[in-house]
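Below is a structure I'd like to ask you about.
By letter and in written order, the chains are A, B, C, D and E; residue numbering begins at 1 in each of them.
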Amino acid sequence: MGPWRKPLSTLLSLRNVWVEYGDRIVIEKLSLDIAAQSFVSVVGPSGAGKSSFLRLILGQEAPSQGRILLDGEPLTPECGPDRGVVFQRYSVFPHLSVLRNTMFGLECPKAPFSARLFGSARKAAREEAVAMLEAVGLGHSLDLYPAQMSGGMQQRLAIAQALVMRPRILLLDEPFGALDPGIRADMHALITKLWRDYQLTIVMVTHDIREAFSLGTRVLTLDKRRHDPHAPHRFGATVVYDLPLDKKEQLALAEQRSITVD
Amino acid sequence: MGPWRKPLSTLLSLRNVWVEYGDRIVIEKLSLDIAAQSFVSVVGPSGAGKSSFLRLILGQEAPSQGRILLDGEPLTPECGPDRGVVFQRYSVFPHLSVLRNTMFGLECPKAPFSARLFGSARKAAREEAVAMLEAVGLGHSLDLYPAQMSGGMQQRLAIAQALVMRPRILLLDEPFGALDPGIRADMHALITKLWRDYQLTIVMVTHDIREAFSLGTRVLTLDKRRHDPHAPHRFGATVVYDLPLDKKEQLALAEQRSITVD
Amino acid sequence: SGPSNEAPKPKSEFNIGWSIYAGWMPWPYAQQAGIVKKWADKYGIKINIVQVNDYVESVNQYTAGKLDGVTVANMDALTIPAAGGKDTSAIIVGDYSNGNDGVMLKGSDDLKAIKGQSVNLVELSVSHYLLARALNSVGMKLTDVKTVNTADADIVGAFASPDVKAAVAWNPQLSVMKGQAGAHEVFSSADIPGEILDLLCVDTATLKANPKLGKALAGIWYETVALMQRKDAEGQKARAAMAKLAGATPENFDSQLSTTYLYSDPKAAVAAADSPKLVTTMTLVRDFSFSKGLFNGATSADAVGMAFPGGKTLGDAQNVTLRFDDSFMKMAADGKL
Amino acid sequence: MRWVNRHVRRGEGVLLGALPILLAVLAYLVAAAQRHAQNPADKILPLPGKMADSMAALLFDADPLSGQLVFWADTLASLERLGLGIGIATLMALVVGLALGALPPVRATFGPLVTGIAVIPPIALLPILFIALGLGETAKVALIVIGIAPVMIRDITAHVSSLPREQIIKAQTLGASSWQVIIRVALPQAMPRLFHAVRLALGPAWVFLISAEAIASDVGLGYRIFLVRRYLSMDVILPYVAWIALLAIVMDLALTFVNRRMFPWAHGESH
Amino acid sequence: MRWVNRHVRRGEGVLLGALPILLAVLAYLVAAAQRHAQNPADKILPLPGKMADSMAALLFDADPLSGQLVFWADTLASLERLGLGIGIATLMALVVGLALGALPPVRATFGPLVTGIAVIPPIALLPILFIALGLGETAKVALIVIGIAPVMIRDITAHVSSLPREQIIKAQTLGASSWQVIIRVALPQAMPRLFHAVRLALGPAWVFLISAEAIASDVGLGYRIFLVRRYLSMDVILPYVAWIALLAIVMDLALTFVNRRMFPWAHGESH
């Protein structure tokens, strides 16, 4: 990761975007460009609208006003294998084992009709999935169902599921929140490596400020600019701070972190 | 909080407790005493069995071997208003608004038949609930349903719901995981105040080592003592470190924290 | 024998069940026109005329004791209540089917063509009996055809289906089936006159304790029948009302009546009940019923006893459960009601 | 856009939904016209004109004897029976379903009995039913209740017993007794499912109503259908069936609407 | 211990569950004995001995005409029809339910039609069914299918359309097309519900089977029941109904068992 990524072309732009639920304004007048191959950390108070922001980029929700462009084209409110996601509440397929959950993404594109692979293709997919599961520390839980796993294990499964696809844009909503510091450090290393190797563009919501700075090339803070104390829902959140980071700062922070915690 | 709490009587004791799911051993030979009015932090790797440990104390699950004593009596596998809980996946009642979710616990004991309060009793309960909701920062969201709230807001609701009861034993499973640093600090202050004022006994699972040390009077680490690399589920976790903390250490850590993060 | 060890006490309210059939339509009409009330008041009792849409269910309800009397065909009176041990008195012989029941064939007007076919009919009913008699008349047996049980309400729809080539039914269904293209009636109850009788039956014990009931019923019946037989506007109005109650057009209802031999004169009814031909008919009917296993597992056709006017009996005289009782019809004939 | 993502706007939805129904009507008309071309007196697929004539008589001409308008008297009688039957069944489903779903010992004791009753075809026992309850309204309402209640009870039981265990535990830590868990946790969450169950039961309820009226009745939509069936009067049967369908669809829509209105929490988009 | 927490062990459960059924049997015996004390020839509540006699004849004595053992021939014929009917209905529920549940435009187009069909009482339209399908086996199987499939379809549709939106989105980010979402996400998760729906449909399926056999048939459990109903032979009807109940309960248990076995993920205690 480093400054050579900075001047790359704009991948996503949001133009004067609003999100409203009934008369509740969640996001207000948000305009933003996200460069290809950047790693954007999003922080902000609980309930500010960070998850809503990710849902917008994902195409799960359409803005009530404004436009979102992907590569200069209007974003269809639909997502494909170019976008990967880890939801805030770890959402994995309850009816598939750990291994099948992870293989799912490898099977779909290659077997349009049956969505299942057989023979050597299956073996290859299985190996790839197992490798990814080992990287997230689930190598010994291949046959468990989600209901048999702890919260952190489900979270890691969701991460593996998304990463194995190597999507162009990866959206992460507090992906490491339920993990202990040891595994969390492993995950940081894993995600950084994949980001660098596969030139992904990542948008990550986190509550861990240090994580935001150590991983990101840019940190966005979403919050309300104005407050009406009697009707707080009348104003929405927007980007209040937007800090591009250069490599040095990051390294310094990363080092500080490894001293303090480990 | 301080050393005068230390020599208090034993509230809970676990004697040689095992938890098994089929042939999967989760907790192995756990023996432990928890003193009344202590604040026990539990840390450990993901999947170690921390949530299972809380479920044992809660009475949600019975151990497959061993005994659990509460005040010297065997613990019935059933829980009442003496124990409060915040589950790892914020579980609030989806059919009740924020306010009604919080009032629930105040209504039940006082209205055995209708489980609803009316008139002045209702007003008093409402005020108590609103005060607690304001303390967790949900004072402006009284009428929202859980499906309309962000992850962090649901988490805070679950906390308010448990705290408003002031239970003797409070079990918290990563209660602050989904919260931003600002609100998290408020919550730390709130829980410490309630713990001190109402002489609660708290067992809290967390992944934030600093939080574990700054809040707790004792830190337990749950992990496997032995590993079989080919069949990791053949050995269960138990307490590998058990650190009683005295006040000085805690204060120092708390100060260090406020310097580093805020 | 008798169903009860304690005689029923006299009572003042009675339920008489009826179901839709050309020969029974006077009953609901009498109820609506106030004739029932008139006669009941005369004898100081109350009579409810209850419609049961499903014929079998009406007889079942009577057998179970929920109804004090019911309109029923002779064969069903024998095989359902009487064979079930319920002592039953037939107090009014209302009519006999004189073409109201018929065997229908598609594509042929010769009964012999029925051989080997599937015949849709209400099994174990008078239709079944009619079929047996029809086959008998051309030297065939029931085993020469295959019967398919079909609900009476559905038989018209069934006969409209191209699958179905032969059926046995009664009116009003029969009249609709005759109207179908290519359908022929190859045998009818007019070929065996007087064998399919339509009765009003009453529980014997109730009747013994409450003879007034029998008198009132006979009074109602003959007044109503006399009214509907009139050729003037009154009679026509009454028949139109009955047609409506039966869900038919007046023309259709009149045609149904034309194939019903109504004993509108009580003297004729008494004569029919007293005639030895009734014994012959009932012998045929009970032999058929027994051969079909309808006598509740009995080992002989004599197991169920029947009594006829004049002290004649048929079958087990110790176990008489079906009595043809002409006393009330006689009172009507003699104008003693 | 992928089909799973294509959302249909309200106006479009009504149009799209009307399409196959219009096609079905059209198909009927073509078939009827064909049959009438072959046999002008065909009774099985009557033409609309014939149906209108027959219905006009039932709709507007009072019965000379009783003075009632037949069609409306039938409708009223049937709706009353149906309403009573569905009402009682719903209440039973709620009370029994909650008890069975929330209390494992009750479920163990009465679950098999409910299953047994659910799988016994009530129409096989009609004679006993009518003997036990007489030929009056009670038996008809009872047939509807026996016909639909067991399925509804089993559905509510399954729903309540699969409520997340955490919620039950949570309620108990908040001081709730078994009774309070039932009325404050299980009951409100069973309500939307109950509405769904009633909607699913509407079809069977009409079937049982019609069966009951076919056997012992002198007024009602089912009575009329079975009465004129003897004459193959499809010109009356088809409008009656269409009317039943219309009534049922209105009830269905009303239930859906009330359900959404009363339990917004169960229908809000969650994420 | 609170009742919501009392779990019942397997052995106890069987005992508890048998209790009310035994009580019901006992109540019947007492009532039957009483009626027989008044009228020894009572047909409505026959004594067990009488039932055994009547059934023995049907069970062991071959019918002189067809040479078949009546009871077994009836059972075989009915099970065949029932199996076909439920099989077809289940398949339809799965295919149509998935399409309707997963694809909003399909739901908008055909949802109202399915609702319409669901609420039309099929027994009212029998004449049309006869014309279209004749009176043979097809019509009987069709009546079962028309009777139970719409409810099942609507149930599966509701279940599939309420799958968490996140799962559908997630599948699409993993490269799944609409088709793949249906077969890999919606289908497997609809299966446990389908089993549940089949269990709930068993009761109504028997009702429609018996209705179908009552209308036109020459063999089958429903045929026999309606035939002997003419003679109020409860000594045959009751054992037949008990046999139907037994068959249905065995099917119910088998479905429950297979459901738990095949879809462990849907039944494991989650926390």
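As a working rule, contacts are C-beta pairs under 8 Å (C-beta built on N, C-alpha and C of every residue); 3 or more make two chains touch, one makes a residue touch a chain.
A quick note: this is a predicted structure, and the numbers were derived from the prediction, not measured.
Asks: Give me the chains shared as neighbours by subunit B and subunit C.
Replies: Joint contacts, listed by label: D, E.
Asks: Give me the step distance from subunit C to subunit E, shortest route via touching chains only.
Replies: Contact-graph shortest path, subunit C to subunit E, evaluates to 1.
Asks: How many degrees of rotation carry the C-alpha atoms of subunit A onto those of subunit B, rounded to the nearest 5?
Replies: 180
Asks: If you average the Cα atoms of subunit B and of subunit D to get two centres, how far apart are those centres in Å?
Replies: Centres of subunit B and subunit D (C-alpha means) sit 48 Å apart.
Asks: Just curious, how far off is subunit B from subunit A if you go by their C-alpha centres, in Å?
Replies: Computed from C-alpha means, the inter-chain centre distance equals 29 Å.
Asks: With centres defined as the mean C-alpha position, give me the subunit A-subunit C separation in Å.
Replies: Centre-to-centre distance between subunit A and subunit C: 83 Å.
Asks: Could you pull out the residues of subunit C that touch at least 2 other chains?
Replies: Residues 60, 64, 154, 156-157, 160 of subunit C touch two or more partner chains.
Asks: Listing for subunit A: what residues touch at least two other chains?
Replies: 51, 60, 78, 89, 148
Asks: If a residue has to touch 2 or more other chains to count, which residues of subunit D qualify?
Replies: Answer for subunit D, listing residues that touch two or more other chains: 2, 5, 44, 126-127, 131, 164-166, 172, 177, 229, 232, 269-271.
Asks: Where do chains touch, given as pairs?
Replies: Pairs of chains that touch one another: A-B, A-D, A-E, B-D, B-E, C-D, C-E, D-E.
Asks: Hey, which residues of subunit D end up touching subunit C in the complex?
Replies: Residue list for subunit D touching subunit C: 39, 41, 43-44, 63-66, 126-127, 130-131, 134-135, 213-218, 223, 226-233.
Asks: Show which residues of subunit A lie in contact with subunit B when the two form their complex.
Replies: Against subunit B, subunit A makes touches at 21, 43-48, 50-51, 88-89, 137, 140-141, 148-153, 155-156, 174, 177-184, 207, 209, 232-233, 260-261.
Asks: Which of the residues in subunit A come into contact with subunit D in the complex?
Replies: 51, 55, 60, 76-78
Asks: Going by the contact rule at the top, pick out the subunit E residues touching subunit D in the complex.
Replies: 2-8, 12-13, 16-21, 24, 44, 102-113, 115-116, 118-128, 131, 147, 150-151, 154-155, 158, 164-166, 168, 172, 177-178, 181-182, 196, 199-200, 202-204, 206-207, 209-211, 214, 222, 225, 229, 232, 234, 237, 240-241, 244-245, 248-249, 252, 269-271
Asks: Looking at the complex, which residues from subunit E come into contact with subunit A?
Replies: Against subunit A, the touching part of subunit E is residues 164-167, 169-177, 179-180, 183-185, 188-189, 263-266, 268-271.
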